[in-house]
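All chains are identified by letter, namely A, B, C, D and E, in their written order; residue positions are counted from 1 within each chain.
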Amino acid sequence: MSETVKHSLMFAFVGVLIILDGTTSFGIFAGSWNSALGILNMGLVSAIMALGVNLQWGFAGLFNVGIMGFTALGGLAVVLVSSSPTPGAWSQGGIGIIMALILGALTVVAAVFITKNMTKGKPRVLALTALLIAGFFAYRAVFDPAVSGVEAINPALYGSLGGLGLPVLLAWPAGGLLAAGAAWLIGKTALGLRSDYLAIATLGIAEIIIAIMKNEDWLSRGVKNVVGLPRPMRKEIVLQEDPGFLDTAASLGLDPVVASTLYVKITYSLLFTVVLLALLWMAQMGLKSPWGRMMRAIRDNEVAAEAMGKNVTRRHLQIFVLGSAICGVAGAMMTTLDGQLTPGTYNPLRFTFLIWVMVVVGGSGNNFGAVLGGIFIWFFWIKVEPMGAGLINFVTYGLAEDSALKLHLLDSTAHMRLFTMGLILLLVLRFSPRGLIPEK
Amino acid sequence: GGHAKEVKLGILFGFTGPIESLAPSMGAGAELAMAEVTKSGMLLDTATVTPMRADTGCIDNGLSTANAEKMLADGVSGIIGGDCSGVTGAILQNVAIPNGMVMISPSATSPGLSTMEDNGLFFRTAPSDAREGQVMAEVLTDRGVKSIALTYTNNDYGKGLADAIKTSFEAVGGEVTISAAHEDGKGDYSAEVGALASAGGDILVVAGYLDQGGLGIIQSSLDSGAFDKFGLPGGMIGDSLPANVGADLNGSFGQIAGSGGQGAEAYFAMAEEAGFDGSSPYSPESYDAAALVMLAMQAANSKDPADYGAKIMDVANAPGEKIYPGELGKALELLKAGTDIDYVGASAVELIGPGESAGSYREIEVTDGANKTVQFR
Amino acid sequence: MIVVEDVHKHFGGFHAVDGATLEIAKGSITGLIGPNGAGKTTLFNVIAGVLPPTSGRVKMDGEDITGLPPHTLFHKGLLRTFQIAHEFSSMTCRENLMMVPGGQSGETLWNTWFGRKRIADEERALRAKADEVMEFLTIEHISDLKAGQISGGQKKLLELGRTMMVDAKIVFLDEVGAGVNRTLLYTIADAIKRLNEERGYTFVVIEHDMEFIGRLCDPVICMAEGKVLAQGTLDEIKANEQVIEAYLGTGLKNKDKLEAGA
Amino acid sequence: MDLLNALVALTNYVMIPAVAYGSQLALGALGVTMIYAVLRFSNFAHGDTMAFGTMVTILVTWWMQSMGINLGPLPTALLALPFGILGCMALLLFTDRVVYRFYREQKAKPVIFVMVSLGVMFMMNGLVRFIIGPGDQRFSDGERFIVSARDFKAMTGLREGLAFKTSQGITIITAVVVVAALFWFLNRTRTGKSMRAYSDNEDLALLSGINPERVVMYTWMIVAGLATIAGVLYGLDKSFKPFTYFQLLLPIFAAAIVGGLGNPIGAIAGGFVIAFSEVSITYAWKKILRYLMPENLEPDGLVQLLSTDYKFAVSFVILLIVLLFKPTGLFKGKSV
Amino acid sequence: MSGNPYQNDRGNKDASITSTSGRSTIEPGLKHSGEVKPVIGDSPFLVGDTMTGGYGKGPDILHECTIAVNPGEIAVIVGPNGAGKSTAMKAVFGMLNVRSGKVLLDGEDITNLSPQDRVVKGMGFVPQTSNIFTSLTVEENLEMGAFIRTDDIRNTMEQIYHLFPILKDKRNQAAGELSGGQRQQVAVGRALMTQPKVLMLDEPTAGVSPIVMDELFDRIIEVARTGIPILMVEQNARQALEIADKGYVLVQGRNAYTGTGKELLADPEVRKSFLGG
């Protein structure tokens, strides 16, 4: 069996799983198209994240454990771009906040300037310290009142700057840009050091990004969440009242509720698929070109690539920024799908380490593998719990209904998920270290 | 008509994730109500009620909507959940509203959810945090407190509540020296307590959870001598707090949603018999949430959400005969007979405006190592 | 062309290069010899920007290039090979060569999506050039093998080939001959000579094989213990007392001791 | 000016908590650094290893309490600790046998080990919750205080109280003892030296007849001990919760790297640097300044550099600053 | 890059999660020791007999290469860079897959033994590079050399300090702080601490100044005089061959010339190709 056929069959297998979930309710399957499409949609988003991580790990060996942070920044972009502006926020302090941020940035720029242009020694240390202290206090002096101004505007409903009120689809590329900007800053510091400290830097900065999003209410209401974000299509309840839609549904023999929910989900599926295919195409094109050759050369032997005129640090930075941007886009898509931004929900196990499982299981270094891994592992993430319950019921078949052990085990089925993900990762790393679809 | 013999109800809580320690008691509370109803054999001509649990992860929107979809596919007639306000919003917008499913949350307290367009499908047995802020301010002024330090658990509940307390208290002329967040489940709160102590204040108000960060903060404050008196909002009221902290807590005070101890006491006893901790946060509210759904079904004589959704407010509020935990069978009988009921339940349910708990509160003071109700507000 | 002024490179307390000063004339093929650990490779690494010097400077055509990163130096026309072959092991030999030229339009991501025609044309030219280089080095039969699979000598040739893909000004060769068979070595020597004569490349060659050095190099610089010990034509070097002592050797005084003991 | 009260306040709110927390971090970081030095990778499962060891200790503690065994004023958990360590050793040796050893034989690259440890992390995470559940567990008993704030005030008549908890005392003493024992072991015993030798140069260790598998085994055993002790101390001082232990991974890594990965002294220093900076940068200095400054100069604000929300962000900022100026950490780590 | 997927780190160099210093470079799959067979017939004390092999799945580096040494002898391997001299040493020591041929020591066939077990059998080896524990003190380095011994090692240590007096002065200094020559002395000393039956040295004088080199050769001769056979690789071929009882010239993994040191030094062909005339 040729490789291509084999790999196509794997994709087909995942497709069949999803179709089964839509059609039968046997065993772990839900037997509902809403459930199946829901899984598919998040699967597509996961696939995009895996694609971004695969770009970094598979093609440049960069170990990013801050995926969560970039995903969250994508989500933030959705709020900033598409939610409606808070009345009066800009006059109450929005401008002040922007000015404070500019002031802060200027301080940093000045500090860098001093470091570069003064010779080492006491005067430089003094100048730097004075500048930083002065800058910090000036920044706080402008920033704090502006923030209180914004946060005082009806905190139960607003209390933030709000967004620009633009179409939500625009937020997706914006999410990519925001994540790219953060990645650039991180990469510049962590990859520019004498040896590479990317892992710990991303691990930490992802947490810091989440902390900022949780605590800076003026930005996106912090832990108070932003709900009811706009969607790229009409809402189900609107559709359910649209005579035209009802007619179409009726002519297809569909219940209006089912038809409207499916309509929304299918639209999302199509949009996500388009984004996924576009990114996949771009990644593949890059990979098969001299650019990809250069990246492989760098991966094979950094020293030699450097000697052959390739700027390794810059290329690493480029690919790190690109991969992170893709995670940002995926994050924005996910927030759009959820219809809300909830900074408290970002957790490294789910948003960083699970993506790693997807990439490794799918096949590091192969874009198609990453996509397959993304959808496949997501399916498992959802279905492990029912599988676990089934398994425990089977194993404890002989035990009485109310035996303490059985009850304890059944209570714990939810924890099966983490356990199983670990198991899958270990099994793949051991027996198929190249993943389901290995790099060619 | 057309009553099936089985009613499935979904229980959608965060059995994993940050509140994984609360979820079991909440789930057990909801299941307790269902078991009670099934046992009574009164619901819709002896229908049995089957609970279906699924996980939200508390923070995992993707997982929770997927699980909600699965529940719908399995044919549930109502959802008890979600728990954390974040995922609750996600399930509501993406699953419940589009599918016309009734959802009743025992614990999502974010004021933001009040204004969500829910097509009359979303209810909650916990009051919005905005209300509690006012009550707390009253309690504080009545007790002559001039200044407070304020700390809150860093989620929408804590933050929203802290905002509400701060606004209300400052409106009546009180001073809030500091309002600082604490993360639940961190274990170490010395830095937070250091900052709070430094800011000072007559008492420390802890808008957190009694077996989470809130306890840690109180313990740490007492240990280091930073504060010796505490203001305790609803999330901090429960037997386990005085039990865990000991005599040092005497004199601290607070308030919790509820119009009287009778319902709660009855519930705690039932819970103890069933082998779980009924005083765990949101466990009473979970029992009530499940009870309300089933009572509304009986009132509408249908398990179709489109029918019974509208009845929830009716059974929850006066007029009618007051119903306490353990009396669900009686309530069903009354409803069948066409008599009005006013469900009080374990958490003194009273639903207002957008389908959320009105929030009458009882003021509590810790005396001799136990929570004593001082008065009602 | 290249001027090295009092370069020091210390690893911890160890002085690998300890005040080397030398000059490399344009158009020359300079031989660099010296005992193992004399600091030759380290000096190469300092000049090529792989290691920052502890002190001292390096100039190229009058311009201070101390501490510039290798990729910048590459674009200034300074190339080097490695003592231990640094091939791109998972790429074919042809790809190893084709990746070398800088400024390929296909190295810009944008072009890989929207400038595919131009890339295709460039690639064709590159491929032709790579094939030509491989033919020159008599390794055309391995062009499609992964570079990780070829022999050590072939890797050395491949490294040399990489320097031929662009118009270099100066090329540093670190023991090209090691592990290369004699006949081939002389082919390489010829190639170096031709590049030097036809294209005007300047070469600096580290080599332990005196015959190879003799065929190619003038002048020869001998290093020892991180310093330049002597400089001159090979014959002068061979006659230099210090060089004989440090590198070429005269024999052992201990010999008698062994016999006495045995 | 009231120097005494200022000093007491400083000790009470900054010094004691930071020293106790620092000791716990240091013990955790020591475990990470040992694995890094000998097995050459950062173990992402370390937080969960701590949780596992602590869990075993807790289960044994409960059993002992139910049997009426106790240590009087000291927590029973100290008696149960050896069992926890044994349990943790068993788990780690088992994991090594069925998971890591294969990769060692394959001479897998360290980054592969890192990914393997991610898998182990997931599994241990699930395992601990499976057994003890996800909730908060308290298991400290015995006397709570060595000196309580109230007693201190009564004793000295100062306005500020000084509290010193038993758990803090135990933490500090245990940390000192454990660290001393570890250093004695590494520098004075044959096995300890062989571990350092292996860490320095694997091949040469082999040539000297040192059995790598034994070194690895001892390392896991020591790591099990360190992790369990750190976890139990943390749990006694605060409380036990699986998720908290997973999150401890971040400051522990930061501590190990700030100190210089692979260097035990660095791990300890790193632990204290992180703990002290976390506490002091987010501490509101208002109170202390009020004692020190003349009446009219008292600060209005809280005099807090960063709000406590960003407490743990501090560890990473410190980390980045250290790495920018000293890429190998405060004490020269293994990496170049 | 090897074909082994477990060894593919995709060029990752992240210092915050992985450390590469001091990692083993020995081939995977050489852990387990096989049986030791007695040898029938007469053979040199240590001999690597017609060894063929290479690294991993890579090409053969050694081609039917034979190297032997007897008590009291110094055998020297010379040859151009990359000829396989170090590889031959590693093969004799079991750090390499020998595909055909065998290794005999003291009348036993030890081809199937792991390096550790060869140490136990009495082989001492000083590698060409990274041959000391840089972070350990000099004395600890020596102690580690005696790791497999259970008897009192103080005597041996005194002997070593006697042989290399400089080490005694520096006994409490980290070995990484020593000069190149001193390091080599530590390395040889460490190997001698096992009280080996045979000592193998890979370029002991690499990177060592001529004076120290003489010194080292001196010491090596002294060691040889105690009856320990010495097998060494030397770049300073001329000098080495002068003290050698037996010389092997390797070219591309094959025995090109074999003879006594004197013979090789006299051979014009050898002089021309390898000794610089």
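One rule holds in what follows: contacts are C-beta pairs under 8 Å (C-beta built on N, C-alpha and C of every residue); 3 or more make two chains touch, one makes a residue touch a chain.
A quick map from chain label to UniProt name: A, D = Branched-chain amino acid ABC transporter permease; C, E = ABC transporter ATP-binding protein.
In this text, all values refer to a predicted model and were calculated from it rather than measured experimentally.
Path length between chain B and chain E in the touching-chain graph (shortest route): 2. Shared contacts of chain A and chain D, meaning chains that touch the two of them, come down to B, E.
Between chain C and chain D the centroid-to-centroid distance comes to 50 Å (mean Cα coordinates, whole Å). Per-chain CA centroids place chain C at a distance of 29 Å from chain E. Averaging Cα coordinates per chain places chain A and chain C 46 Å apart.
Chain B and chain D have centres, each the mean of its CA atoms, that are 36 Å apart. Residue positions of chain B touching 2 or more other chains: 16, 18, 20, 24, 154, 181. Counting only residues that touch two or more partner chains, chain C has 89-90.
Residues of chain A in contact with at least two other chains: 61, 63, 195, 197, 199-201, 214-215, 299-301, 411, 415, 417-418, 433. Chain pairs that touch one another, listed by label: A-B, A-C, A-D, A-E, B-D, C-E, D-E.
Of all the residues in chain A, the ones that touch chain C in their complex are 282, 285-286, 288-294, 296-297, 299-301, 303-312, 318, 322. Every residue of chain A that touches chain D in the complex is listed here, in rising order: 61, 63, 189, 193-195, 197, 199-201, 203-205, 207-208, 211, 214-215, 349, 353, 356-357, 360, 411-412, 415-423, 425-426, 429-430, 433. Residues 42, 99, 102, 111-112, 114-116, 118-127, 129-130, 133-134, 246, 250, 253-254, 257, 307, 309-310, 312-313, 315-316, 319-320, 323-324, 327, 335-336 of chain D are the ones that touch chain A when the two sit in their complex.
Every residue of chain D that touches chain B in the complex is listed here, in rising order: 12-14, 17-18, 21, 129, 133-136, 138, 144-145, 148-150, 152-153, 160-163, 165, 234, 237-239, 241, 243-244, 247, 278-279, 282-288, 302-304, 307-309, 311.
The residues of chain E lying in touch with chain A in their complex are 1, 5-6, 9-17.
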